[in-house]
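Both of the next two complexes hold subunit A, though its partner changes from subunit B to subunit C.
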Partner chain A sequence: MRVSKRFVGPLFVLPALFVLAMLVFYPLVYTFVLSVTDPAGNYVGLENFRTMLDQRLTSRTLQNTFVYVGFSIVFQIILGTAVGILLNAKFWGRSGIRALIVVPWVIPGIVAATTWGWMFHTEFGIINYMAQSAGVIDAPVGWLTNPSTVMPALITVNVWKMFPFVAIMVLAGLQAIPEDLYEAARIDGAKLHHEIYFITLRHLRPVLASLTLLLAIWGLNAITIIYAMTRGGPANRSIILPIQIFRQAFEFFQFNQAAALSVMFLLITGVLMVIYVTVFAEKE
Partner chain B sequence: MKTKTSRTCALATALPLIMAAGHAMAGEITWWAPEFGADRAEELAAKFEEQNPDITVNVERVVANGLQNRVLVALQSGNTPDLVDLANGWTIPFAATGGLMQMDDLVDELGIDMSDFLPAAVNTATYDGALYALPFRAEAHAMIYNKDMFEAAGLDAESPPETWAELREAAEALTDGNQYGYGIAGGGEVSNTIFRSLPFLWMNGGGILNEEMTESILDEPASIEAVEFYTGFLENGWAPPSTLENDGTALRRLFIAGSIAMYQSGQFDLVSIAEENPDLDVGTAQLPHPDGKDPAVILGGWNFAIPEAAENKEDAATFLAFLAEPENMGFYTDTFPARQSAMDMERFQDPALAPFREMLEYARQQPANENWVQISQMYFDGIQGILVGDGSAEEMMSETASQIDGLLQ
Partner chain C sequence: MASRTRSTWPIYPAVALLVVITMFPFLWMLISSFKQLSELYTVPPTWIPVAPSWTNYLNVLFESNVPRYFLNSVIISAGSTAIALALAILASYGFARFKFRGRTAAVALIIVGQLLPTAAIIVPLYVVLNWLGLLNTYLGLILAYLILTLPLSVFMLISYFRGIPVELEEAAIVDGASRLGVLLRITLPLSMPGVVAVIVYAFVTTWNEFIFALCFALDSSTKTLPIGLAEFTTEFNTDWGAVMAASVVMTVPIAILFLAMQRLFVGGLTAGGTKG
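Moving on, here comes the complex of A and B:
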């Protein structure tokens, strides 16, 4: 019994592929099944989807999710790129600062979020204390309880947490740009902003593109910061989709409706990712 | 001491054996006791073993946080202890899953006098007219206040407010700069706000659900008035601006720090206050009620249950009879015992505890509805909506009521 040579490789991979497929597809398929059935397992069509869409909460959740993820990514990329470019310059103490800058990213999310929660606290928080001592504000601000400040506060924490990762990736990308290009540009009379725009950013584009994708995926799935700091409050002003799914499933024990939400969530992110990938794939 | 150590060693050596066997041996029972009372549980177990040399009690210390889920998983998998402590709010939902042993006949057999138990506590263990657990601990909130602040504000520290009108007046008088009159909960876990606001709705003849639990009565005037009373403390500036992030723990910290003059909580807070700020002159009082109406409060507490799938129900029952003896129940509870005859024990005679004890007479259980978690979340979102200024109490509660009605249909 001879197996043709070109099947040997795939045959060895097959068991691993099978396990992987089970790990990926079983939960996926099971979620779909849950989303169209009731707790007793009877087929109910799109009933669970209708229930969830009827809740006024769901539209607020979607809106919050886009605001939270969108603004987070913009500021993470801008701040991270700027810091990455700065850290690429030669100055005394550079390696020390490079090490320090990754600290927010290395700290476990739950620890960071809880600490920030206390820092933002109206009564005991160090932020209000410092701002009041410096005379910036007269009365304590309820950063996490005021509907107009809660999202900016959470986005700030999310940016703080993730920008070091962007900076490190940008730094790696920068070091791959050959020095000759800058020399050649200077000979042609390029100014600093020309160098940054035409050489640095051009070469960083693939890095930034994959970073944006990664940040979007992580941002959409991240639950830690918001859950630890506000639990989605006040009055659902900071609830995002993963938190609503978590609540529906593990606090209300309505797994079918939670599955319906997850499927909608998957479709939305899926569409976004397809758009994103095709747009960037065409340009490369 | 020596014998205790050697027994522990013997147990430790035997443990893998027991586990390998996969089930408890005859004459041996496993008891899941939350860690806050586990030291006393072990003392009781030792005492019981002396009286019943042929039965061994394995006290398994369990963490109270997340215990509800752990018990649920155990009941569904059938791999259960022989005796377990349940918070009274979980008992009926667990009984509804069929995972708990029905106890009516057992209680008769063991000669446990159920008429000695606090009726509201027995209600938390009764599902479909049958008893599924034995209450052992009962508690209710009362008001805790700072006597020095009362005197500084020109109020009589020995006659705290009794009615809603008096509470408002006192709260206003006690508010001064960074000191606030009455701390209410508006953040943290949902239950913090439920325990502190729902009693006011009940006192006023309102509530979240009607008696039959078929629809919400939040949009009725009695409920709206009580919600306005509760949220009014923040709107009038008598509760701290951090209200939306304050849960029970935060309120206690604010009280210890001297930021609030009055708040409501359980008697366990008195211990923490005395430890952290022994100079504080603390007073306790019943919860203020509307003029001419009775107070009300949510009954907190714990029950003993024997799982349906327990390996050794017979010995567990013998042990249950031992635990149900008034002196043992009074020894084990962190707050008050569910048996009224055990209330005479000396540890419950502290005058500061008297208002908490009096409140027990007005205690009711939370509605035992299968959707209660989601309903209380909706109610909590409505309260937070009022506190952030999304709408008036009337608008927000009508909207919440219609959401709850949608869920109950």
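Moving on, here comes the complex of A and C:
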């Protein structure tokens, strides 16, 4: 039996869409239902939201989330772009180095977390030892236990893990820039920083915009590093929204309040996703 | 006169610094994994293990749950990759070759699936898996992992299929082949690099995944390697030697797989990424 031509395309697409709908859209709808009901299933309006917003922890969480994601993105983009530009230059061993620097990004997040956790160890960590030998600090710093250093330490790990991805994307963007633009600029006597500013960064702008949004969405979602290194401590100084959702659900077993947090979380990421889809789906 | 190329700026020191930053944690992981506990807990730390020993590796491989977790990881990653691949091949072909009503909406839905923060749906997913009796089963994790792998796999393959000339397919269709036949016998064999990229991507993503496994795998019958690594760390005591050895054990296969495939993988990913 031949299928009418009109339906061939949709038939190919349908199985994947069905699976995604079951796994993503059904749970999404269910999150909203859970967020406005109590454990017995009775409608309670915005009660769960009120309970969560009244907790002082929630405002601390939101603040931490923005600090963690914001600073991570800034350093990931700066470092990633610089490395992308560096790896686009011609030098001996270039393809080997390009492959090597991507390794932090492909390894499991948990491995990055435990390895850096050991390096940040207060008494026996290599970082305290090297910083003390170099005279940067006088006494060992409790990087992950001191409320004022825990965020910078976690951001460092996150940047180390993700900048290779930025670098590779930037590199792909750079390779699309015609070489004669640079040659023309050099013949006109342009300095290196002129080239980087007027040619390289101008052409990279769309790539960097798309990367910033992607990094924001992934950063909001990144539980592994913080969960494994500090579980949100000390004194909730490093708790971010996804970790609070996890704890509310699987440590305090308050699924409805966790769902209310999830809805707030979805609203934040939803804004980013709408921007991403409207800006970048046009080209598809 | 201005020169046409630039070679004056200090590339090599910058490259050396870059290699140190990216590789030092791995070096320290490797060094630490061969130290015994007494040597790990000494100040100042030693750069070369004084009494190198395989104790940590033997602990990890024979006295912990790691071998079982390894088996679980292989089954779950392979299962999820296979399903994602099959669904993604069909869907990408549909998107790459056909125009139909609702196509834009369908693409948008898949993008949402790709960007959706998994943390936002762990709670309802837990409830749904519990209801279906799939908590703490291989199938439950395999299905959950499709959320992570399916959307990007679709985008990677769309861009690959687009690069294959339609004329090849048209000739076969004139000869009476069905669309599915054309996909399986002509388009797919020509897309092998893209398919391999999808396999590597999906396998690595599921192999590394942490939070779903933490929530949906309840005991050693389904827990995966990343959970095993986290279990060496308890609130009061961490066996750092075992942790470092287990980290090496987890890093090496992924690093080898990636370095062997990196040209394909990076190529496929940047194609999917810039299109998506």
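Definition applied: the second predicted complex is superposed on the first by the 249 of 284 C-alpha atoms of A that agree within 3 Å, B and C clash if a C-alpha of one lies under 4 Å from a C-alpha of the other, contacts with A are read in each partner's own complex, and residues count from 1 in each chain.
Keep in mind that, in the parts below, a residue touches a chain if its C-beta (ideal position, glycine included) is under 8 Å from a C-beta of that chain, and two chains touch if they have at least 3 such contacts.
Nothing here was measured: the structure is a model prediction, and the numbers come from that model.
Student: In the superposed arrangement, does subunit B or subunit C reach more residues of subunit A?
Tutor: Result: the larger residue contact count on subunit A belongs to C.
Student: Check whether A:Phe66 is in contact with subunit B, with subunit C, with both or with neither, and answer first, second, both or neither.
Tutor: neither
Student: Does subunit B (first) or subunit C (second) touch A:Pro15, or do both, or does neither?
Tutor: In the superposition, A:Pro15 touches subunit C alone.
Student: Just to be sure I read the superposition right, which of the two partners does A:Ile217 touch: subunit B = first, subunit C = second, or both, or neither?
Tutor: second
Student: Going by the contact rule set out at the top, does A:Thr145 touch subunit B (first), subunit C (second), both, or neither?
Tutor: first
Student: Looking at the overlay, what does A:Gly233 touch: subunit B (first), subunit C (second), both, or neither?
Tutor: first
Student: First (subunit B), second (subunit C), both or neither: which does A:Glu123 touch?
Tutor: both
Student: Let me test your reading of the model: by the given contact rule, A:Val103 touches which partner, first (subunit B), second (subunit C), both or neither?
Tutor: The answer is second: A:Val103 touches subunit C but not subunit B.
Student: Of all the subunit A residues, which ones make contact with subunit B and with subunit C?
Tutor: Common to the two interfaces on subunit A: residues 121, 123-124.
Student: Give the list of subunit B residues in touch with subunit A in this complex.
Tutor: 186-187, 240-245, 250, 253-254, 259, 371, 373-374, 377, 381, 384-385, 387-388, 390, 403, 406
Student: Okay, in this complex, where on subunit A does subunit C touch?
Tutor: 6, 8-13, 15-17, 19-21, 23-28, 30-31, 34, 83, 86, 89, 91, 93, 97, 99-104, 106-112, 114-119, 121, 123-124, 126, 129, 133, 160, 164, 168-169, 172-173, 183, 186-189, 192, 207, 210, 214, 217, 220-221, 223-224, 227-228, 241-242, 245-246, 249-250, 255, 258-259, 262, 265-266, 269, 272-273, 276-277, 280-281, 283-284
Student: Touching residues of subunit C toward subunit A in the complex: what are they?
Tutor: 2-6, 9, 11-12, 14-15, 18-19, 21-23, 25-26, 28-29, 32, 40-45, 87-88, 90-91, 93-95, 97-100, 102-104, 106-113, 115-128, 143-144, 146-147, 150-151, 154, 179, 204, 207-208, 210-211, 214-215, 225-226, 229-230, 232-233, 240, 243-244, 247, 250-251, 254-255, 258-259, 262, 266, 269-270, 273-276
Student: Under the touch definition given earlier, write down the residues of subunit A that touch subunit B in their complex.
Tutor: 54-55, 121-124, 139-140, 142, 144-147, 233-237, 247, 251-254
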